[in-house]
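Two complexes follow with subunit A in common, the first pairing it with subunit B and the second with subunit C.
On to the complex of A and B.
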């Protein structure tokens, strides 16, 4: 399947070039985000009846992991409200053309930190406290507020969207998995970019802002760091940038050789497996340890969590691929071959989320009518009873996701192994074993 | 043509693994009684195993706040007040593995208060393992064949 340029359709093109539709969505999202913070801080402490828990960790999470990431890649980043207030402050404008003189410090992000290690750490920090975060409204409210104010603070010190690019715990894995999505933003003709004067897509012009994600679109070869904000489509004077529909996982044919991205794949794969065991399994000791933050049991849980992700899983993977020597360095081979874990990890998250979301989706109805748990009944659904949905198709759906993810990974492993000039069999064996463990945990 | 044949064969084998009836060892149905203690956020015991056709009675005892026990797939539930016992009786006529969940909001970790009921063999797990094995074994030669064909073209 070749690519289909979606921006050649006038309706798509005008929707993307015009700032108002995106701003309208932004404002709705920002209002929802601020309300989630408020609900978390002043609403009922009962998580399953509080808007912040129900709409963030059930509704938003379901949309993000089951629809947005697999099909639209960084589509969520295109409408995420977190960077907005900081960006407006940084620019001194909401929609007006940018001012040439920076209003704040406008520093470059430190070179040593221009990678996703900080995003790996920020995700793990949240993951270690996830049992509390996912169930306690005021903790969710505080974390949401911290992300908003963190983004604002960074916007006043550093140029562009430093928070999104280098710190956001969610943005890191969306970027990783967006490589598998069938949507991309790319240039049409490289030569046009080479000869383009002033590179307004990167530096900005009177038509719009320079790339907030610090990416030069002319050099884009994968989705990982393009936030689909559409600014470059607005600023390109040559109409040389397009949104394309493409085959799934097109970016994975060109495996990355970066260790920060390789470890992101392990962080996500391992987290999905640990969550499946701790949150959805029948083992109460694990749940107690994960929930009782600060106790001895929690420290053991945290050490085990980090040990599995940073030592056990990568070491087993390294052992699998260590027998095959070739011209590439071991580090490069490790990073290249770990690309195979990206589709597997994405589908592990889909399978995990199916169970979590279908079981708890009915809380959305009740929370819609009584978002703060104050006894309101705005839409007459406040008394909607809890009822798991579609439990009869849950297990087949999870099998489909996990086995589908395995096949997808096998396919990716073969391409990555061919790139690294080694056999794909050890990587396939690793993916197969991980899938068996996940099947056992979920079914 | 040959690649389509392989693909068809692959799909057929997958359907057999997913849906072919598994051999079942005939076991006479029995009366099974379990006492489950429920506390924030755990059942004890958290895993029950019965044979298909057994008549199961669960005595749910809550040791702290009000707890419930809902069984996925069977869509039945019971609630127990603190210090009280409530009974749930049913015939285990559906095989497989089912999650047992607390259906009364009992605190922060309530959504994750989960146990497991296995009736007979957890057939779907074995079928899934079979499908995963088939996927790996079947995909490798099929993928090589398609790659080779592409190269020839």
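On to the complex of A and C.
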């Protein structure tokens, strides 16, 4: 299947080039985000009736993992409100072109940290506390506020969207999985970019800002670090940048060889499996340990969590693909072959999320009418009773997602193995075993 | 500043104010009474002001588990308070005084600590808690309700009021079948009074059983049974054996809180009383049990119920407690 340029349709192009549609969405998202913080801090402490828990961890998460990431890649980043106040502050404007002289420190992000290791860590930090975070509104409120103010703080010190690019715990895995999505932003003609004066897409111009994600669109070969902010489409003087519809997992045909991205794949795959065991499994002691943050049991849980993700799963993978050779080539092969885990991890998350999203979706109705638990009934749905949805299709749906993920991974593994010039069978065996374990955990 | 920039800033400020200011405004104007398990704070606020004759509208919500709400010394049905939801209730007080509101659901081991007060002001000269009859009976009798009161003799089998009724027909015992005697004396004291008869030990206990039943009514026993199930069974057990769902937790809490005291005696105070223990129950008069219920266990897990139960409710409850010892004709146990 060849690519279809969506921006060649006038309605799409004008919607992207005009700042107002995106700004309108931004404003709604920002208001919702601020309200979620407020609800977490002043609303009922009962998570199932608090807007911050219900709309962030059920509604938003469902949209993100079941729709936005698989089909739109970094589509969420295109409308995410977290970087906006910091970015507006950084530029001193909402719509106007920025001043030539920076208003703030405008430092470059440290070279040693120009990778996603910090995002791996920030995700794991939230993951280790997730049992509390996902159920306690004021903790969710504090974390949401911390992310907002963290992004604002970084915007005043570093150039562009340093928080999104290097720290956001969500942005890291969205970037990883966006490689599998059927949407991309790419240049149309490389030669045009080579000869373009001033590279306004990266440096900014009177038409707009330089890439907030610190990416030169002319060099884009994969979705990972393009936040789909559309700014380059507005600044490109040659109309050389397009949004394309493309086949799924197009970026995975040319695997990355970066260890930070390889470990992100293990972080996500392992987290999905551990969550399935802890949150959905029958082991109450495990669940208790995850909830009792700070106790000895929790420290054991945390050590096991990190051990599985950073030692056991990568070691098993390394064992599967090991051959006698020098370390450098092994690391490259390790990172290349771990690309196979990207579709598998994405579908693990889809299968896991189906379970708790369908189970808890009806809380959305009640929370919509009474978001703070103050006894309101804004839309007449405050008394909506809790009941799991679509229970009959849950298990088949999860099985389909997991088996589909395995097939997708096998296809990716064969391409990656071909790239690394090794057999794909050990990687396929690893993915098969992981899928069996996930099936056992979920079904 | 260009107009689009200005407009965008106005929209952002408006949205921010709308998202934060509006909910805050309504939040500050929606006072709720929050219920939490006692170890997390209980009722908040736990003191409420009201006026005689003026309806008091309360909005109750639970911050954790299912709780209940009722006001002591008042004819009202308890209402449930569900987590994250708001329950509206309206109360009107006829008399001034300090009323106690309390949780009616077994929400945790410290459930009984979930209490608060409603201070009702008004010009009525007769406050709710002043007893027309004066001091409670156990006080006027001068009973030491903490003294040991075990019966020296207990029946070998559970006494039967049915058998006792037949035996009593031929005995001059009408003086015992009145509330004054019944409330002031223990079953064992009556048993001793029957020593002048020719009855065997078990027959005497059967007569005691009959006399005790004749001092209550099936309605009173049913009311006592309901009060017991709602308020006492969590600790004392549905069958009165001191083995309620919180008994183990109370013992554990008692053990941890008694490390600096003298051990077994204090430990025992944390264990709910076993109403099937014949020595203890047959040696206790209704007046003595009234004192224990009114005042509570003083340092044990036994709460004071004087501000919650009416006098009539306490007598009904006491009548029901003796049903753990006797086989009544109504057989309500």
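Going forward, the second predicted complex is superposed on the first by the 437 of 443 C-alpha atoms of A that agree within 3 Å, B and C clash if a C-alpha of one lies under 4 Å from a C-alpha of the other, contacts with A are read in each partner's own complex, and residues count from 1 in each chain.
Throughout what follows, contacts are C-beta pairs under 8 Å (C-beta built on N, C-alpha and C of every residue); 3 or more make two chains touch, one makes a residue touch a chain.
Since the structure is predicted, the reported quantities are computational estimates derived from the model, not experimental observations.
Asker: Looking at the overlay on subunit A, is there a clash between subunit B and subunit C, or do the two fit?
Answerer: Fit - subunit B and subunit C, as placed by superposing on subunit A, sit side by side.
Asker: With both complexes superposed on chain A, which partner does A:93 reach: first (subunit B), second (subunit C), both or neither?
Answerer: second
Asker: Is it subunit B or subunit C that touches the larger share of residues in subunit A?
Answerer: B
Asker: Answer with first, second, both or neither: which of subunit B and subunit C does A:110 touch in the superposed model?
Answerer: A:110 contacts neither subunit B nor subunit C.
Asker: Quick one: classify A:279 as touching subunit B (first), subunit C (second), both or neither.
Answerer: A:279: touches subunit B, not subunit C.
Asker: Given the touch rule stated above, what does A:219 touch, subunit B (first), subunit C (second), both, or neither?
Answerer: In the superposition, A:219 contacts neither subunit B nor subunit C.
Asker: Answer with first, second, both or neither: which of subunit B and subunit C does A:21 touch in the superposed model?
Answerer: neither
Asker: Mind working out whether A:49 is in touch with subunit B, subunit C, both or neither, as first, second, both or neither?
Answerer: After superposition on chain A, A:49 lies in contact with both partners, subunit B and subunit C.
Asker: State the minimum pairwise Cα distance, in Å, between subunit B and subunit C in the overlaid complexes.
Answerer: Subunit B and subunit C, overlaid via chain A, are at closest 5 Å apart by C-alpha.
Asker: Where on subunit A do the contacts with subunit B and the contacts with subunit C coincide?
Answerer: Common interface on subunit A, subunit B vs subunit C: 45-46, 48-49.
Asker: Provide the residue numbers of subunit C that touch subunit A in the complex, in ascending order.
Answerer: By the definition above, subunit C touches subunit A via 1-2, 4-5, 8-9, 11-12, 15-16, 18-20, 23-24, 26-27, 30, 32, 59, 61-64, 83-86, 88.
Asker: Which residues of subunit A touch subunit C once you look at their complex with the stated criterion?
Answerer: Touching subunit C: residues 23, 27-28, 30-32, 34-35, 38-39, 42, 44-46, 48-50, 88, 93-96, 370-376 of subunit A.
Asker: Taking the complex as given, what residues does subunit A use to touch subunit B?
Answerer: Touch list, subunit A to subunit B: 45-49, 131-132, 135-136, 279-284, 287-288, 291, 356, 359-360, 386, 388, 391-392, 394-396, 399, 402-403, 406-407, 410-411, 414, 428, 432, 435-436, 439-440, 443.
Asker: Inside the complex, what are the residues of subunit B that reach subunit A?
Answerer: Touching subunit A: residues 41-44, 46-47, 70, 72-73, 75, 96-97, 99, 101, 103, 105, 108-116, 122, 124-125, 127-129, 131-133, 135-136, 139-140, 143 of subunit B.
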